[in-house]
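Here chain A shows up in two complexes: once beside chain B, once beside chain C.
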Partner chain A sequence: MNTSNVSKVVMLLALATSYVAIAAEGGVSDSDRIAQYREMISDGNPADFDEMAGEELWKKPGGPKNASLEKCDLGKGSGVVKGAYAEMPRYFKDTDRVQDLESRLMTCMNTLQGIPEEEIAAKPFSTEQKNSDISTLATYVVGQSKGIKMAVSVKHPKEKEAYEIGKRIFNYRAGPYDFSCSTCHATSGVRIRMQDLPNLNVAKDAQAAYTSWPAYRVSQGLTRSFEWRLNDCFRQQRFPEPKFASEATIALTMYSAVNANGAEYAGPGLKR
Partner chain B sequence: MGNPMKIRAAVKDGVTEVKILMQHEMETGLRKDADGNLVPACFITEVKAQHNGRTVLEAQFGQSVSKNPYLVFRFKGGVAGDKITISWVDNKGDTRSDETAISA
Partner chain C sequence: MNAKLIFGMTITLSLATAMPVQADSKSPYLDAKTAAIIKRDFRDKGIAKADRVNQDELQVACSKYRDDMPDGTNDMPNRTKVNLEEKQLKSIKWPADGNFVGDWKAGEKLAQSGKGMTWSDKADEPAGGNCYNCHQLSSKEIAYGTIGPSLLNYAKKHGSREESERRAYGHIYNVKAYIACSNMPRFGSMGILSEAQIKDLVALLMDPESPVNK
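Showing the complex of A and B:
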């Protein structure tokens, strides 16, 4: 490489994403700097790769029945992916219950591909060694709702019930620390270490939080699903780990999703 | 053959901005797995960017660069439709090359 080529390079910015040091500026808060950092890397969200991988999984025949998921009904009709996530969780007639995206994907993988639900639920989350299929599929589906307004219904009695159960779980204090979701997420303007905690009872915060999940976690190098996020909340509260795609996690998802209604879905997001 | 990268290139006021997201494990060789065995090093060592076949950037990467590296650079020149080719080589000799056209 000769020097004239080097001189043409106006700026080189190589991000070791886990260790970005932004020069300290007077009067700039930590959360502003995090926002700057997010802005810088917003075009380079590695969750894009999971979206691509998820689309491939969606279209590829698999399971004992060697079928693809292209006929999966996510609530907007057989095979309609576009905008489906913005209306989930919802009541499904065939299963006669309210389902979030992941439990619905599990139903489709079971009925269309013949994969036993226990087998899917056994590896619900991605690990460093291996990506979870259901999590990768979810990343693809949510990406197809980007820019679409959240419109989750509570018209059906079972949807209404799920919302009410979710609300109760959100406020239910228990466990060795006597914690509830609302312990951290029902007050405005508080934080844990550098992280601002959203007040999920306030529409603006609830919308920003819900519409940015699933998200790529830079510190873990993995795209994390909403079920995973709830699971981690329970872990942090020292609660017993909920069953994957259980009624409890679906109800909490319902509560969060309805509170985010009206906002444009913006995921998959990018988190520290 | 590595996994595909995502490349975006746009020209504005005679300066082309190229954004590249590479898909790579970038193992340092210092980490241990669950059984206590070292995870072998695997990281990109060289990245090259070409504009219509002319090299505009060469970079040497090491273990300190994160997984799925994201690289942004700008260079003078380039018009919409020109070809940008990015390629990398890792320490195991694996390589990947992808291209895109500059958008206005």
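Showing the complex of A and C:
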């Protein structure tokens, strides 16, 4: 075990202990607990390790073409990572469509490295057994927008359309429980059990929620991407599974991101 | 390529160019496009099959309008609301024996459980009532949600005993018979809970010994 692995284990143990201690206190909402927890570990977030691993993946030649992703255009020009996430999703001329971060990474991994998109989409999320490359890459890219103001454009007609479709999907009720995103996320100041729910139709809540994803989930011991966040919402909505980086999830991401415009991007975040 | 296909493609193309994206929220073009995207972009996983995205009449109407917003931003036309609620009321199967009340202890267990019908649940695992996710039902349980109203002291709040029992049974079986676009699932009409389970939940709301009324 090398030094960085040792320090990682020590840090995770400390985190787990403090989390359990805080979780054991009764009568405090989850958000309060998380706030206390964040303060206790203000000098580090385990997602930092994924940021570093993602940067390595970005720079390392790979795939059938044995190329790195350093020439990937995330919207601000070939190879520009700084600030790119704060302007995503966005319209890309070469693919003639609106793409979120994961969708765009898939395009770059495909065109630059020669990895088939189906192969990438088959491993969209990290598990306890294995990290997902695309998820780890996403953690690196978002970290390069920390402190930068969210400025997602709806100027291109396809961007405007993605936003409008995202709004409709947000309100789309279906399934055995009649749920939509808006069932939980269209009212301010409500919660499920102890979990506070952001009202994603209003700027203040949308900003706080959106700019904290992707995030390290203490309860899962993994850094989770925004695509994962949407996926797990649909699970709890009793919906079938949304396809990874599909037009549906990109549109919903567009809706959330535009509603968060104006706030400083603060991720990768840290959550229960 | 046959003539019919070419004709169809021409129509599609001209539609696509003729319909500019509208900034306002009422756009039949975007409604149709959204529906097509949803049908294409969701797939089977575990017990959650892709056809779950197909909406019934009520789900269509309640995706467009609201009638349950506490801040008064409701925009569902009254005629639509009354029409939907009448239809939902007809789907309620009232107990044949005329008895609405089961075992409140079984009801409390059911109310605590948030399980059921997600793609990570098993087909043979019965669904829970999910009640505490959204409602306060006990002064002792602090982990309750607030999407729905507090149901503390339910038995004392809703008229005579028989009226209250019937009201509770109807609301759990199909709340949409009373509030068309309520956030609450239709536990009986959608086959989430059995008649016996709904009676146990009515007991939880009505029994003087239950934590709801203590």
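Following the convention adopted for this analysis, the second predicted complex is superposed on the first by the 242 of 272 C-alpha atoms of A that agree within 3 Å, B and C clash if a C-alpha of one lies under 4 Å from a C-alpha of the other, contacts with A are read in each partner's own complex, and residues count from 1 in each chain.
Throughout what follows, a residue touches a chain if its C-beta (ideal position, glycine included) is under 8 Å from a C-beta of that chain, and two chains touch if they have at least 3 such contacts.
The model shown is predicted, which means the values in this text are computed figures rather than measured ones.
Contact with neither chain B nor chain C is seen for A:G114 once the two complexes are overlaid on the shared chain.
Once chain A of one complex is fitted onto chain A of the other, the partner contacts of A:P176 are limited to chain C, with no touch recorded for chain B.
When both complexes are overlaid on chain A, the residue A:G262 reaches neither chain B nor chain C. Applying the stated contact rule after C-alpha superposition, one finds that A:S246 touches chain C and leaves chain B untouched.
In the overlay built on the shared chain, the residue A:R238 is in contact with chain C alone; chain B does not reach it.
By the document's definition of touching, of the two partners only chain B reaches A:G221; chain C does not. When the two structures are aligned on the shared chain, A:R168 is found in touch with chain C, with no touch to chain B. Touch counts on chain A: comparing chain C and chain B, the chain ahead is C.
Look at A:R191: by the touch rule set out above, it reaches chain C but stays clear of chain B.
Residues 20-23, 25, 27, 30-31, 33-34, 37-38, 40-45, 48-55, 58-59, 62-64, 69-70, 114, 117-120, 132-134, 142-147, 176, 183, 185-186, 190-192 of chain C are the ones that touch chain A when the two sit in their complex. Interface of chain A with chain C (complex): residues 26-27, 157, 160-161, 164-165, 167-169, 171-180, 183-184, 187, 189-195, 197, 234-236, 238-243, 246-249, 251. The touching residues of chain A, when paired with chain B in their complex, are 1, 5, 8-19, 41, 43-46, 48-49, 52, 218, 221. Interface residues of chain B facing chain A in the complex, by the touch rule stated above, are 3-4, 6, 8, 15, 19, 21, 23, 54-59, 61, 64-77.
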